[in-house]
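Each structure below is given as structure tokens.
Common to both upcoming complexes is chain A, partnered first by chain B, then by chain C.
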Partner chain A sequence: MIAIGLESSANKVGVGIILHPDNGDTPQVLANVRHTYVAPPGEGFLPKDTARHHRYWVVKLVKKALQEARVSVKDVDCICYTKGPGMGAPLQSAAITARMLSLLWSKELVGVNHCVGHIEMGRAVTGALNPVVLYVSGGNTQVIAYSSQRYRIFGETLDMAVGNCLDRFARTLRISNDPAPGYNIEQLAKKGKRLVDLPYTVKGMDISMSGILAAIDSLAVSYGLDREAKEGEGDDVPTLDAEGNPNPTRADLCFSLQETVYSMLVEITERAMAHVGSKQVLIVGGVGCNERLQEMMGIMARDRGGSVFATDERYCIDNGIMIAQAGLLAYKAGFRTPLSESTCTQRFRTDDVFVGWRD
Partner chain B sequence: MTTTTETYRPPPLPSLFATTTPPPTLLTQGAEAHLYKTVFLDASTPAALKIRPSKPYRHPILDRRLTRQRVLHEARCLVKLIREGVNVPAVLAMDWEGQNGESGQGGSWILMEWIDGAPVRVALERWEAWLAKNKGLAEQNTPQYQEGTTRVRDLLRRVGQTVGALHKAGVIHGDLTTSNLMLRPWKADAEVALEAGECPSVDGDIVLIDFGLAGQSASDEDRAVDLYVLERAFGSTHPRTEPLFPEVLQGYRESYKGAAGALKKLEEVRMRGRKRSMLG
Partner chain C sequence: MAEISNPEFPYSLTISIPLPTNRLASSALRAIEVDTELSPFVRRSMALTTPDTPSKSLEATVKEEEKTVLEATYRATTNRMLRVAVNGFMESLGVVLGVMEELDVDVLEAEVQN
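Moving on to the complex of A and B:
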């Protein structure tokens, strides 16, 4: 069976085509194409501009995906699209495209929860059977474990997502958004050495990010770093204070932010593992690309006698193929989204989805 | 894609306990700490040893700060509660710096009084097992069934009173579950009575354990969240006993003056839960 997946919940628009061989072999990725809307430094992506970008690219991407996959329209069994959660205007691009294709090609629709898409693609790519899932991206931060046909949320952020916190700090430092603000923070953090004191806000199984962002933003302001780096000025060359001691650099701040925030993530993940007695961790979502986070998670898992699974940027960052994967699983389990209900929604919890395709 | 798998070995014991005979036995590995059973001063006095190993994934400065802060919090809460006469294990000894902490070994630890009992979870599971086995008694509302229900109601009231005493002393537990409430002493002979069709005994004092997430607070908000956590734990682990949960709140209400405020706040917390829809 073949499914086409359309994703546009944030600043990426992606189209993927997946094949589930009839003999039950592992799924094959036939095409996975994507285009990213990049906002100028110091700015986030605005819904209106992002949606315009997606509308411009989505048809081109569908054509490109069909070409790459070397399949014709009649081979496709169903059309999957992101129903939510996400930003309203961008979400509509994929939903409208899916509806249009459904009418044009006379194929059935499957609305997919974005978070479940990440989880299912992660499981398919890594082969992790029943992991505790850490889903970290620009819009979501959740620790998830599967139990009786639901992906249950064990811990989550009480305010903003981890990726959002990193992105906003990148804006404060006027770091480029290309290819991604988080990626550029990661590169800067590699040059950082000194750890500055930041709030550490784990509350039971949940975490809170807003106070950390406020604290590090005000540190950046007090050291005069809330502006573009000047020509010839190194990111890791400290200025000196009145007594001649070095101030923290941009690199030090990025380093400290990563160390603190990722420690919190690893801690709540470990707590969930201890609670459900699982030895596998799967990291998904855009922040999951971060190598330092993967490294810390690896050490934690090793000390618990377990293992960590992560994917690379093709699958970590929002993509169409994960929507096709989760959608096709649901389709095979008999799930359909009638045209009249093919809406999209900004709020759609992971545990609202009935996972009919797992035992 | 990365995968790491290595065989697991528990961290070495702090050097102070390396030569204890018999060697401490590992009971559980939680997310934060390893719990051992060992002895204190002489071989006949059992004690609980809770080690917080250093977390090698964390930056060493951050790790030392957190470990130190948490173990001190835990010990301060316990000491305060003992002074206030609340049933908790006494602190016998501790090391918050973690002797070998910097070499990545050991970690900080607390040595506590051994509580000779069983978790309330086990007592309730036994009661629920008895209920399941003797369905007929419940349906006919026999004296045995009534007797059993009265005993469980009384147990839940004692739970409420103990939590009340805790809050009265200005401490929040942070992780109230039926696994962290001990029943002392534990009557193993109740097993025998169970066979004979008698309802199981749930007599004994309630002792609170595991203050790893505890803190000092006297706000209604924090108290209500503490109660809410306990309520949810009842719902997920003891579905058959859950209808009796109001007994816990009744016991709590009678235990100290400020209880009414916390219970009122609890209604708000229930509505709120953690069920905020995510934006993404």
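Moving on to the complex of A and C:
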């Protein structure tokens, strides 16, 4: 069976086409195309501009995906789209496209939960059968484990997502958003050597990011780092304080922020693993591309005799193929979204989805 | 063009989009109407009609295939809300037209054959 998936919940708009062979072999990615809306440095992406970008790109991407996959309308079994969670106007760009395709092609619709999309693509790509899932992105931060037809949330952020914290700090430092602010923070952090004191806010199974962001933003201001790095001035060349001691650099702050928040994520993931008795960790979501996070999680997992599973940027970063994958699994289990219910919603809890395709 | 002026929603605008076929007009209407209006200060109604006939004066005997015009009427409490709502409609319509133009069954088939 073949499904087409449309995703546009944040600043990426993606279209994917997946094939589930009839003989039960592993799913095949026939096409996975995407375009990202990049805001200028120092700014975040706003709903109106993001939606405009997605409306411009979505039809072109569907066309490109069909051409790459060499798939015709009659080959497609269902049209999957991100129902939520995410940003309102951006989400609607894919939803209305999906509806129109459904009407013109006479195919059924499947509304997909974005988080479940990440999980199912991670499982399919890595082969991790029943891991504890750490879903970390600009919009979401959850520790998830599967039980009785639900992806249950064991722990999550109490305020903002870890990716959102990183992205906002990138704005403070006027770091470029191309290809993504988190990626540029990661590169800068590699040049950092000094660990600056930051709050460490794990609350049981949950974490809080707002205090850390406030602390690091205020540090950046106090060291005069809340501006673009000047030409010729390295990110890792320190200024001096009143006594001639070197101040932390932009690289040091990025390094410290990563080390702190990633340690917190490792802690709450480990707590869930102990609770559930699992040895596998699957990291999904845009922040899952981060190699330092993967390294730290790997150290913890190996200490417990387990392992970490992660995917590359094709699947970590928001994409259409994960929507097609989760959608087709639901479709095969009998799930349909009638046209009148094919809305999109900004809030959609991961555990609201009935995971009928698993035992 | 408000036939029955609603004093609560004094600002209104009716947009008529002529399309080639009833199938396209009906698909556009069904795709757009799923999203409810976000603002309580706006009311929207949509209908299909024939060219040059507003939907309210449409005779009951008119055949479905002749209804190729998508008619959308927006009413709002203020001019600003009317503008915002109509802009939103035009943005959605843009995507809908793009799908018709680039991704309809006959368009894709013709491209494969070339």
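Following the convention adopted for this analysis, the second predicted complex is superposed on the first by the 359 of 359 C-alpha atoms of A that agree within 3 Å, B and C clash if a C-alpha of one lies under 4 Å from a C-alpha of the other, contacts with A are read in each partner's own complex, and residues count from 1 in each chain.
One rule holds for everything that comes next: a contact is a pair of C-beta atoms (placed from the backbone, for glycine too) under 8 Å apart; a residue touches a chain by one contact, two chains touch by 3 or more.
Small disclaimer: the values here were computed from a predicted structure and weren't measured.
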{"item": "Touching partner for A:L101 - first (chain B), second (chain C), both, neither", "value": "second"}
{"item": "Partner chain(s) touched by A:E156 [first = chain B, second = chain C, both, neither]", "value": "first"}
{"item": "When both partners are placed on the shared chain, which of chain B and chain C touches more of chain A", "value": "B"}
{"item": "Chain B versus chain C as contact partner of A:K63, first or second or both or neither", "value": "second"}
{"item": "Touched partner set for A:R55, first chain B, second chain C, both or neither", "value": "second"}
{"item": "Which superposed partner A:A214 touches (first chain B, second chain C, both, neither)", "value": "neither"}
{"item": "First (chain B), second (chain C), both or neither touched by A:V237", "value": "neither"}
{"item": "Contacts of A:S72 with chain B and chain C, given as first, second, both or neither", "value": "second"}
{"item": "Chain C-facing residues of chain A, complex", "value": "51-52, 55, 58-60, 62-63, 66, 72-73, 88, 92-93, 95-97, 99-101, 103-105, 339-340, 342-343"}
{"item": "Chain B-touching residues of chain A, taken from the complex the two chains share", "value": "9-10, 84-86, 114-115, 125-126, 137-140, 142, 156, 158, 161, 195, 197, 200, 204, 206, 259-260, 263, 266-267, 270-271, 273-275, 294-312, 346-349"}
{"item": "Chain A contact footprint on chain B (complex, rising order)", "value": "1-8, 11, 29-32, 55-59, 61-62, 65-66, 174-175, 213, 229, 274-280"}
{"item": "Interfacial residue positions of chain C with respect to chain A in the complex", "value": "27-28, 30-32, 34-36, 38, 91-92, 94-96, 98-100, 102-105, 108-109, 112"}
